[in-house]
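The structures considered in this document are given below.
Both of the next two complexes hold subunit A, though its partner changes from subunit B to subunit C.
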Partner chain A sequence: MLDTLRQIETPEGVFLRLRAAGALPRAQAWTIDFVLRLVVFSAAMIPLSLFGSAGSGVGALLMFVLMWAYAVVCEVWFGGQTLGKRAMGLRVVSADGAPVTLVPSVLRNLLRVVDILPGVYAVGLASTLIDPYGRRLGDVIAGTLVIHGGELPVGSQVPKVAPMAPPPGLAPDEQAVIVEFAERCGQLTPQRQQELADLLQPLTGCSGEAGVQRLLGYANWLLGRT
Partner chain B sequence: MELERITVALRPRTAREAIDLGAAMLRAHARPVWAAWFVFSLPIAALCIATGWLLQLPWLATLLIWWLLPLFDRVPLYVLSRAVFERAPRWRETLRGQRQWRWGGTIASISWRRIDSHRALRLPMELLEGLAAKQRRERWRVLRRPIGADATGLAFGCLELALVMFMGAFLFVLLFIPPELLPDWLRGSVGGVAHRTPEVTGALIAAVAYLAWSAIEPLHVAAGFALYLNRRTQLEAWDVDLAFRRLRDRWLAAGRVAAAVLLALACAWPHGAWAQKTAAPAEHKDVPVTHIEDTFAAPAGKDDQRFAEAAAQAFRDPRFGGEHKEHAWMPRQWSDKPKELKPGPMPLEGIGNALALGMKWLLLLLLAALVVAIAVYVARRARLPVLAAPSRRQAVLDTHLEAIEAQERLPEDLAGATQRLWSGGRRREALALLYRGCVEQVATALQLPVEPDATEADCLRSARRLDDRQQRQRAEAIVRAWQYAAYADRYPRDEDFERLLDGWPARHGSAA
Partner chain C sequence: MKQERFVALHREAWSELQHWLDLVDSKPRQALRDARASGFPVEYRRLCHHLALARARGYSGEVTDRLQRMVQQGHRLLYRPPAPRWHRALSFLVAGFPRLVRSEWRCMAAAAVLFFAPALFCLVALQFHPQWAHSIFGSAQLAEFEKMYDPANHRIGRSSGTDLAMFGHYVMNNVSIAFRTFASGLALGVGAVYVLAANGVIIGGVAGHLTQMGYGGPFWRFVAAHAAFELTALVIAGGAGLKLGLTLLAPGRQRRGPAMVAAGWIGAQLALGAFAMLLIAAAIEAFWSSVAWFPDLLKFGSAALLWLLVLGWLWRGGAQAEGGDGA
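Moving on to the complex of A and B:
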């Protein structure tokens, strides 16, 4: 099955699913960061230009900080998100899903020198397009990953219906699907709800609107409502 | 459409994740997508470049190729839409398939709707659903509502990426020119050649732009298609549908239900059956092939000669050419350095210089501090006894122990103290105190010492050995309440808490 997930199994047998981010959201995040830094630098240079050579010296220092330290500071101390990444809901993590630490962060940002070749990030773009987890060369070498950190879209509250015990023998993932159906049925048309419920006619024993109601009843029971 | 045959993992995704899914789809089917893309678009692009060349309008070729991108978009969409549900078609099938897809939407998007930032999203709806115009408008409104902004962002993002590819190609070539050759070459090529041979430059730019779009435009289409799939998954709960089918199959196979009536899925993929008719492959076969090298050398050489002659003539003019010697007396102390290199006095220069001096010393101090810090670090690492500082962690641990010891003695009136803490809002402390009191009371009742490393489970175990059944239940209730508070941050209601306080062990004077 085609997906953008990176699955990691912890020693406890728990599967962590990292939702790897690809070229397009990352390019947009970078653009936001670039514009922000440009604005900050320009705004700082206006008063600094009054101070002659000292001003341009401070300006050069500021430029250095914005180019090299900004990303590292944001990634290590502000949850793996520069402002642009925050706006796009992205996050830098280490390849095993742990928060990114200082050395990998410095490494991946230093390797921008390679990714930026030949001046417009063409190497980085090609790398993110080819790599299955959308990593640029700096990420590959530093062992980091950019993931979607935002919340997944969720359905609404399960509508309240008299709870009803489902037939025994449902596996946990099957129970989860019934609850998910109940959560999302607010977004579906009534016809579609009935189509879906009819699929489970062998289970519910009714069809049409009655089947939908019965599935909602199961979901209420599974959620522990009384 | 047979949903069971889908080869993409369906799950709720944000729109941006769906865009990345498009990239993954493209990566998985890169070969058939680009094979069909180049077979279809290369002749047209060559035709565009030739048109620009023949009409002497160097910008026309790039514009034409850009303008025709929505036409090319049909090809990757055909391959991907088949690949997602069946298998990726070969390029011959893809080209044949173009005949069966309607052309209305494509004609609209290469004429009055060319500047449409939602193109990638609109494309699958128009080509795959094939609805009538009125229904299509309704459908479009439903489809677009929450993801219109993402589709626009996608269009601009792809524009940005194509620009990166385009500039990257030129800068990449520039990277391999030795720097000593660079200035002359730059002057000779970009300035001179572009001016003197606009056709060659125009064709070159159009060709590179075509390659850049070839790299990015399939991504645009794939991401738009993935957005479309994601939106339909949302609207029609495809993932739930699939899971329900699996559940039903398992249920029936397990033989729990004897007979079942299966209803066919009403939602049918439009144009489900594709009549494979024989058709001629692509048009645009005979395009004149132009050799850039042939035309590149001739005019440039001729121009060079003309330029050399003109330059020689110019130098013969006494106003430009010739050498002059002039002698003059100059005072010695004035002639050491030209003044104009220095800019005029800046405002606030005094403050600036003071700041610069201060900064310099600050940086020097920082450097010194850094050196000292490194020296200390190295010395610590080498475990030199001189610099071994007392461990701070030890100190912290000691004070922590003291704090615990200070609280060690339980209050005489346990219930009262707990009640005060609870009503003061310190519910966690209240439960902790109650728990400790309970532990102590259990230990007293069993005539055992209180073990400092006993866990909650140990307490429960020892509580079960109590003779009195009510005491046993009460102790268990208290331990459970404490566990819920400590590990899940869930507190009992006020009346439940009151019940915990009632009688043993909080009021150990009274009977159970």
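Moving on to the complex of A and C:
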């Protein structure tokens, strides 16, 4: 298991598995956001500059919104993702895995002022390296967490072969290993499949392609196929 | 029950739910108006039950990963933050915020002293030692201040720019300063102390210098009204920063982590309130304070009224609800 995996028990009694994001993808997301905001601001300033000093006032308001409000609005009302985070597949959630609410989001974005010190996020970087879940100071105090929002690929189908009962006395985790092997077969080269199946020669009693087929048969039987 | 049979039993229900969850992600309005929406909590709990069963029975990743994924999606939907309500925002501003300020009165008092003591000191000292102004400001800055508050100007408090331009400028500057004051409090309060005291010296210095050289009229006419909101908001933001720093230093009878989270929660709310106050201050400063031809009575009368309003609001706002809660 990944050591950044955070398991959180929900009120329904099951576990959420949140994969905390490290400093690098977050820095990339921040860079994307930064460039986007720069582009929007520059693009808006071209027509605004025609209006003289009133335009510069609206420009200052726009800058304020981009600087302070952009991240909060995105996080609270657009699923915990600024555009940069969306591009990197990251998401801000509260420590209990629920979507982030207004006050924590405001807090984590205000405390960016401290994390960004001195200059290039040095405090934030140090904090993400020390914290087991890669949180910067703002996240620690706001009780939020940045996670990889994209879901893991779902395990693939076990190839269908004639089921065959495995020798008795297999422990549950041993059964699970056999099924898992069958699920991952599609992603492995035949040579690697055989190499892995050969490790179980004492169980299957045959080697090479025959061993692989036998393990697949066991897996089909364990899944309850007839 | 073997895995295949379990999947065969529930496949239909899962794929329907998955379909609806995907619809929520792409078209939330349409999906939430759908008849399925009201049945979602029940279906979600059933799904959680299935995941728990699948895990306990040691089913393979094909099933557990799929269910896990749906549960995460469903959890995000079920526990999403409530839609913003004007009523809540309003009741926070009218009652919740002043109550919060009063409950943190020690930090607020400390912040007020840190700000107003240097300000008053500079104001008074510059009446007797005008040359000290040159130790606080450079001569270019002093010239700029003198130009801004020259009694001959028909707009006071600025050398150029329209009302709207100045409004944007004030919002950007003042709110940024307040937010930075709050956040820099995290550095054991040092940042907040510095910003408060430095702003006290600067504001007191400008006031003292201009008063001493006879430009006091336009200056006080300009600042009196919006200062009610602006200076109070700065003190509140500074107080919230102090609270953050002091909690880090001395968390009291709590572990440092939870104490900081609690202080941060309060601090962020105070910062939000200060933000609202600064918006009002910027509007007054840009559209009211700068008008030079209003008679003194109107200027200072409105300023006194605003000060009474702000202090009264912070002193009594939400007091009835407080009593009602028995708090």
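Just so we're on the same page, the second predicted complex is superposed on the first by the 181 of 226 C-alpha atoms of A that agree within 3 Å, B and C clash if a C-alpha of one lies under 4 Å from a C-alpha of the other, contacts with A are read in each partner's own complex, and residues count from 1 in each chain.
Heads up, the rule we're going with is that a contact is a pair of C-beta atoms (placed from the backbone, for glycine too) under 8 Å apart; a residue touches a chain by one contact, two chains touch by 3 or more.
Note that the structure is predicted; figures quoted are calculated from it, not measured.
In the superposition on chain A, contact is made by A:121 with subunit B only, not with subunit C. Of the two partner chains, subunit B is the only one touched by A:129; subunit C is not. Once chain A of one complex is fitted onto chain A of the other, the partner contacts of A:58 extend to both subunit B and subunit C. Applying the stated contact rule after C-alpha superposition, one finds that A:187 touches subunit B and leaves subunit C untouched. Once the two complexes are laid over each other on the shared chain, residue contacts for A:165 go to neither subunit B nor subunit C. Looking at the shared chain after the overlay, A:46 reaches neither subunit B nor subunit C.
In the superposition on chain A, A:20 makes contact with subunit B only, not with subunit C.
Shared-chain residue A:107: touches subunit C; no touch with subunit B. In the superposition on chain A, A:202 makes contact with subunit B only, not with subunit C. Taken together, the two structures place residues 52-55, 57-58, 152-154, 173, 180 of subunit A in contact with subunit B in one case and with subunit C in the other. Residue ranges of subunit B in contact with subunit A, taken from their complex: 7-9, 11-14, 16-17, 19-21, 23-25, 27-28, 153-154, 157-158, 160-161, 163-165, 167-169, 171-172, 174-175, 215, 219, 223, 234-237, 240-241, 243-245, 247-248, 250-252, 254, 256-257, 260-263, 265-267, 346-349, 351-353, 355-356, 359.
Contact residues on subunit C toward subunit A in their complex (touch as defined above): 1-5, 44-45, 48-49, 51-52, 55, 58, 60-66, 68-69, 71-73, 75-76, 79-81, 84, 160-162, 164-169, 171-172, 175-176, 179-180, 182-184, 186-187, 244, 257, 260-261, 263-265, 267-269, 271-272.
Here subunit A touches subunit C in the complex through residues 10, 12-14, 16-17, 52-61, 63-64, 67-68, 76-77, 79, 97-104, 106-107, 110-114, 137, 140-143, 151-158, 172-173, 175-176, 179-180, 183, 222-225, going by the rule given at the top. In the complex of the two chains, the subunit A residues touching subunit B come out as 1-5, 19-25, 27-28, 31, 50-55, 57-58, 88-89, 117-123, 125, 129-130, 132, 134, 148, 150, 152-154, 167, 169-170, 173-174, 177, 180-181, 184, 187-188, 191-192, 195-196, 198-203, 207.
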